[in-house]
């Protein structure tokens, strides 16, 4: 029963926000997904580029990369536009490196051929968890783009090895809770982002003590909670991909 | 009857694309409008900032300004992200200066008080006419933001003097047509953007000969067509604003 | 008689400032013109570069482009040097895009061959109308550079199709006046830049309501006045080119 | 016995490289430490600045921040100098954010007063583990700088709550090993950086699957190994601080 | 007799190019000088700014500084515009630091009061010696600007202590020659710039061996030649300043 | 006897600080030298790159270049990190151009073959004379890198023609003194940097009047003193290179 929840959001400790995945949100991109984790909304597009970055040239394999941005008024108060300031913040770069690394982990780059899947994650509305929504939605966009390559016969074997999804978990007033929204995130003592494959392998784990250090026991509780949430997210990805 | 249309879009020469204005599209901004001119979709947010830029300081009046951006894959092929390249293109700067100038023209800055209405126009999907959609949608977002200031009693007199809206018109195979989509825009000999107030005053007119120079007679035909289209857009703005 | 003039400059409404065109102003450039519209002085050089920008490569045609700058103390008070600030302002980019577009409109790029005419317009002294002086003087510099290509036999057919010139007109205290100087420009309600070919075709028209919106009737008066002024400018270009 | 080691470095799985901490390495900084983890050498300086960044102003508390850089030829092949390229890479920004966050976690910013401890970590020679050496050495530099503030009576209560140190651990050919050098790091399937306090609280944990995903069991083994190594590092910090 | 000259320019070894100083070249600046050393032409403007840079604030004294730029086609082949490239080259910065330092050396900054004389040196046409022409012409512009301050009564004592001028000398085919033009400069083994006061004090000397090292004896010959040339330049400055 | 010294450092007028040259300071670079002039310490590395910059391509010869940087807290108070500010200062660029030019003067670029010797000079601790220490130490690093090329048989003839070293001299309270440390440098009326070959040829001389202009006689005294000091430095270079 929700009435017993200690969370500002009144959700149960292991309860995700409502997750919605809308495929084909825009028409030009090979994959285009609007993903919502509650009030957090991210547009994830996957573009197929018939070239690879310099460090991959001549290797006979492809590349998967990501860029991330927030619309200036996706947040409570307006943030400066990074294009106008002339550079991306450290936070932006850190997030887009994480998204790219996560998606690459489920790709067989040899099977992709010498092309790039470029994922753009643009936050339309922010309410916590934009990086985990980006990874989860970015996977669906990438899946659609790769399906198109397969359908066109440009590649014959599927280069995607597994699903990938991500969740943020944290310790709120001493209790592990999942899928932090903005107000919970601000109040948490520990914040952890977990990225996992469909088979449950850990691809990335990033835990930060915001208030005071956390223990190994707490880490395990958070990991347990995250594993369970990511299983649900992978189910939601599969349902979305099954449509149409 | 549409069957006689010469346009790739099969629209009549004076026929707008379907225009949709969705207010309150995101929750944080004081005004937030998703405007669609057919497949062109622009998210226009209006932020109220309790400060003015340096050149307005100490004058006892406010400011209205705009920024414009395209999501990297809003277009047929992916464009580099301006934040990653480290600067805004000349085209971007030209457009955002136009949007800001146009909206300022219907504001009494003294009545606004020492605050800024900052309009952000971010193109979610591009199919021609992004700058005219930005002005038309930006006005509705600004209207909502100003209504909130009035409702809160922060200002007592309405600083907005009139509606403002914009349309692109062009000469396609010798015939003036309105509201160019991307394929029409590419094929036009002359392209003209017109910005007008609700009362029909011209605020900005920008005509460019793409193929060969145009005559004064053609200019008048385009102006006539644009005037008619902007009247329709102002009606649509009013309907959107009338809702709840 | 001048004594009846309403203008700060005491000129008649349709009277240009003294226009002077000095060819061969510097020795290195293929075309080098110092143009004066009264106290406004712009050095326009045309450089022939035996390469084209990436977007033109392999098309078998050339390119015409322009860059614009103001010397830091060409104006009443010193402006920051754009090279020191590390970027060109939006205004600068807007103007140089206009100059390039205008000059390109009278070129047959196929006849130019795979080379670029690069026009540099540097304002030595500013007193209003720097962009129109740049277009008008830039044409003469381009003409000289092309003549040199023809003389050397590098091209055999003239790629220049017509003259091009530009003027600013405006409504000063309710009356249309031509060739606005700085003090008139600041006091005008409407400011319009017109770019026309020698045959009178309109290539670009940009009108902005500075104070309050303008009507279609006023637009036509301004266009009429601009047409007449541009005819005079084309005559002055021809005289300058006839010398030596 | 080393002869049984599976590691390229011939170290035991839980064996650190030789760690050396040289205090007072340069004379101007309030704290200046050259730390070596084997062939990895980082110069960590702590500067006391009598000001705080804008986001901390007027709060009556201080700030701790860090910057990180690699000398161009600290690596096998020369890297471009970031100052010459005109921006810091995403990797650099990610690392310096991690160092700052880690050090802040053991500071009571209120007790520090309105001043900043600015840690600069410059890699003189790189052989894996530069970020963990930076955190471990940066703490000693910060400790020296704070001791000086206490000695001068500028603060009366120690704002440092605990030691902080960091280690990288990984799974090399199926076996967890500690303190990866460059060649081990390149060959590891999983790489994890752990930051812990002297009391054993986890402040930051960042694990990345380089080859294939890792399991919860592996994570625990790595955490165990890291905990043990950090205990040793804290002992080494204490010995270094006890001298002179 | 010129016929015996070994120089490409046919000038005598100690013969300057024709030096022309045109005061009041543009109308807005407090001092505006077009200086020509033969085909080298530099526009030097002096702007009086009623503020000082941060490092001079609150000292009760003024500042003198300089910026330098070359118009893109002032040279044989077009150079990229620094404003478009987004940064000033090392050469540009080196030259403008030299100009500023040289002019400051003849100013009593206390007598100037808390204001800045900002010298802009923009090369209209380059043929060697642009930095020495900039210093020599910049002094005259500064003199005019200071005279205006004195005339207006804004300062009562002359802050300029002496004249300052500069020349480039070099060893061409074993022989010291003065005032190198571009072709001579390119062919010289040693190139030296000398900056001197009217009284003959050395303010700056910069000698560079382009081909092979030079001896102390050669240095003295060059210094002798430079001293003589600078005396002539100071005379020319005085004549120019004596006019109206 | 030191007791008669007028210098803050208590050194004799012609007495160098203790100069130490430590070769092989880091392990990756082809040449790596830590040079100390008293408390000034600069790490000079020489990297061999098997490519040349664009302006040298296809000439069949190599290139020698340098970059310079100061660690943020190498100085009394912390300086902003140039990589974080996004550009190198004018001072940095001026110094690195001087170092590159000086080292190039003793190279036969043809004998080097199409490769670059890239010298990086990073100041660990600053106490005056960082540029002269950089040149003196940079030579030793370059010598080691070239020796390695010879030993590997990549080149067969030595491209280094002579030693090169540098010293700063100045006039302190009317007396010429050598090897200025920071406090002497700040108090000197004239500061001169001299770069000379082992055979005593002058490669670069840069003298600046800090307080009042200097005379030709003073210049000669400084040159004499510098010549003597550079002879000593070359001896120290030779001793360092003779070891191992």
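Observations on the structure shown:
A, B, C, D, E and F are the chain letters, set down in written order, and residue numbers restart from 1 in every chain.
We adopt the following convention: contacts are C-beta pairs under 8 Å (C-beta built on N, C-alpha and C of every residue); 3 or more make two chains touch, one makes a residue touch a chain.
Nothing here was measured: the structure is a model prediction, and the numbers come from that model.
The set of chains touching chain B and also touching chain F is empty. Relative to chain E, the chain whose mean Cα position lies farthest away is A. Note: centroid distance chain B to chain D, computed from Cα atoms, is 51 Å. In whole angstrom, the spacing between the mean C-alpha positions of chain C and chain D is 60. With each centre defined as the average position of its C-alpha atoms, the distance from chain D to chain F rounds to 33 Å.
Shared contact sites, meaning residues of chain D that touch two or more other chains, fall at 86-87.
Around the ring, the chains sit in the order A, D, F, E, C, B, counting from chain A and moving first to chain D. Residues of chain E touching chain F in their complex: 87, 90-91, 93-94, 96-97, 101, 105, 196-197, 199, 201-209, 212-216, 219-220, 223, 227.
Touching chain D in their complex are the following residues of chain F: 26-29, 32, 39, 41, 43, 45, 47, 49, 67, 69, 71-78, 81-84, 86-88, 92, 118, 120, 122, 124-126.
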